[in-house]
């Protein structure tokens, strides 16, 4: 029997990681829900965001959490431009092409990072990096606790944005029906790019929350991209609540997998869930809506 | 009997697209299935050809229960459908498109392509043989649908609005093609909104409305059936068709 | 039949290359071009002719490479004997991946995702299991001799690749001239219409993925013999999957020579950029990724498509 003393912290750790995963997946699911494309460059763009946070800290001394108001608009702009001027144009509106264009982008971005910044792993040292909070049942690292709360808060803000603002309503209308949106005079291309931008802005936020307990390196994105896909598929493509619940489930699965099967084999659980969901329940746990 | 439907029903969420439909088609007949838009004609074809499974009822083809069989098995038995919106293999030529159908019984590539050329001639696509099918006009695509279906050497074809989108000249041209198909021994079940063609072509007419069969009989009898006229006028969806229908 | 003759002449003309090109550098260039072209031929069968875009062809490549390595190193097999079993293993993995995905009707992005996930599962397994050498990988000892499927010079590998290329071309020729191929292309263009005409879509796709998997596994076997080392990242990582899809997309999807054209173009680009900017990690892939995006944006039919326009070649006439 494994002691509760080991399992409880593993679950808590899994939940904190899962909340950040959820934030990453939220961007992916939003993009899928509105544009119906699978963004294979999502992981690469997260990597870019992590470097952004790293350089803000290393060169300008800006604390990762204070970088949030810089990274969110910066990543939004990057996403907007990519969709408006690259993905939207090169894809010719065909699913397979869009898929390949985002794959091509991810290859370019990852290897450009490798070329510019080498394959070194970059970490930052903050005053609170090794501090812990005592939750009674377990100790938890401060950066992870902040990431958990921060990711949930940002998710809530995004949810409110989609729910109650005119922009959110327009995006949801567009997600339901492109034709109809065009008819009521919505600038569809602009709104697509805005949606993509919001999806990528999620990555800017995730990077700020991640870096204090994580690192930046050129190939870091691929570790996230499959996990984010898994979450999105598990939660249901395009589902908000699905991404959140899916993220938490996957975070805990990974953490417990690592505990019982070891660091390397532990990751397999996530992918087996992925394959099983794709095969047996491709609509995921929460169906399809935005 | 060629085809028998026994109390067939199909529901999509809140829409009862087909309810309790029972009819039979005899060998060698040309039967027209008519009804206003959304009556359930295409759905019925999809059910017969195995693209959808019925919620209730049974379908027999040449005295064999085919309910729930996948489409390719049903096609192999000799029952082939065409699509209301033509579905060409866009990157293949006309000959290659038709050859896919011919391959159902011909293993040899050469033989299938020769068959493709023959049939292209028969449905009036001879000049287009080596053109990519995506270059065809709407009328050409409809003929391609027809040609591919014929290439499978079916016993029964389901033609879903092969005349929709054609101009009057093109319609007049396709009518003899359909008679020729019947004369070659193939039974025809078709849906059509072009009443002039229905009246000329069909031995028997079935009328579907809101998923139910509301009338059947000789074209002239059906055309004067008050229930049928009411169905068309009541919907107000296809007045020209209804006017033609009323005129007979 | 004319196309077949042209291809046979081309292959025959390529035989004397090692005697004409004395530099190891250019012979290595030729070997790698044929090798990437061959991986592309494998992917093209499923992706180009069948319309099913796999992002995880590494699953079959790695299985071929690992099967051969494990048979040689752990069970003392002769590498030539291992070739057969390795390709069977690749075909079996392909049958499992395809059987599951196609049975449950996965298409488009979903199919791409699930192939990616399968490759990843295999990578994790190879990284964790003892008999695959785990993270350390497996090294085949250097014993150059024809019986060992190792050659002292590059020319032996060149001829091996030439034979594999001929095999790949023969398979594609068959696809363009057979009922199976006709059905495969029909499924690619329109599954519903194919079904309506009596095509068993599931079986056709399964056939295509198995053939594709067997060829890809042979690519893995070749890699192992040429470089004598594999690890989980090389065998099952995304780089191979991307290499396999890049060549046919650049060269021309669903065409006989597209993958070879694409591979040659990419290898040239690689050499030119290295001599211009110097070798740097990642740089060639930056270019490849950019080429992928540009090709899709401006030349969706690849180089073969441009060639057809310029010379007025007929498009994909089978027979």
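We call the chains A, B and C, going by the order they appear; numbering starts again at 1 in every chain.
One rule holds in what follows: a residue touches a chain if its C-beta (ideal position, glycine included) is under 8 Å from a C-beta of that chain, and two chains touch if they have at least 3 such contacts.
In this text, all values refer to a predicted model and were calculated from it rather than measured experimentally.
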item: Pair joined by the larger number of C-beta contacts - B-C, A-C; value: A-C
item: From chain A, the most remote chain by mean C-alpha position; value: B
item: Chain closest to the middle, measuring from C-alpha centroids that were averaged per chain; value: C
item: Rounded Å distance, chain A centre to chain B centre (Cα mean); value: 49
item: Averaged-CA centre spacing for the pair chain C and chain B, given as whole angstrom; value: 43
item: Distance from the mean Cα position of chain C to that of chain A, given in whole angstrom; value: 32
item: Chain C, residues touching no fewer than two other chains; value: none
item: Chain B contact footprint on chain C (complex, rising order); value: 177-179, 182-183, 185-186, 188-190, 192-201, 254, 314-319
item: Residue numbers on chain B that touch chain C, as the complex places them; value: 49, 51, 70-72, 75-76, 80-83, 87-93, 96, 99-101, 103-104, 106-110, 112-113, 130, 132, 148-149, 151-152
item: Complex interface listing, chain A residues touching chain C; value: 37-38, 40, 86, 89-92, 95-97, 99-101, 103-115, 118-119, 218, 222, 226, 229-230, 233, 262, 264-265, 267-268, 271-272, 274-275, 278-280, 282
item: In the complex, chain C residues that touch chain A; value: 53, 55, 100-101, 104, 106, 108-110, 112-114, 116-118, 120-121, 124-125, 127-128, 134-135, 238, 242, 245, 249, 280-283, 285-286, 288-294, 296-297, 300
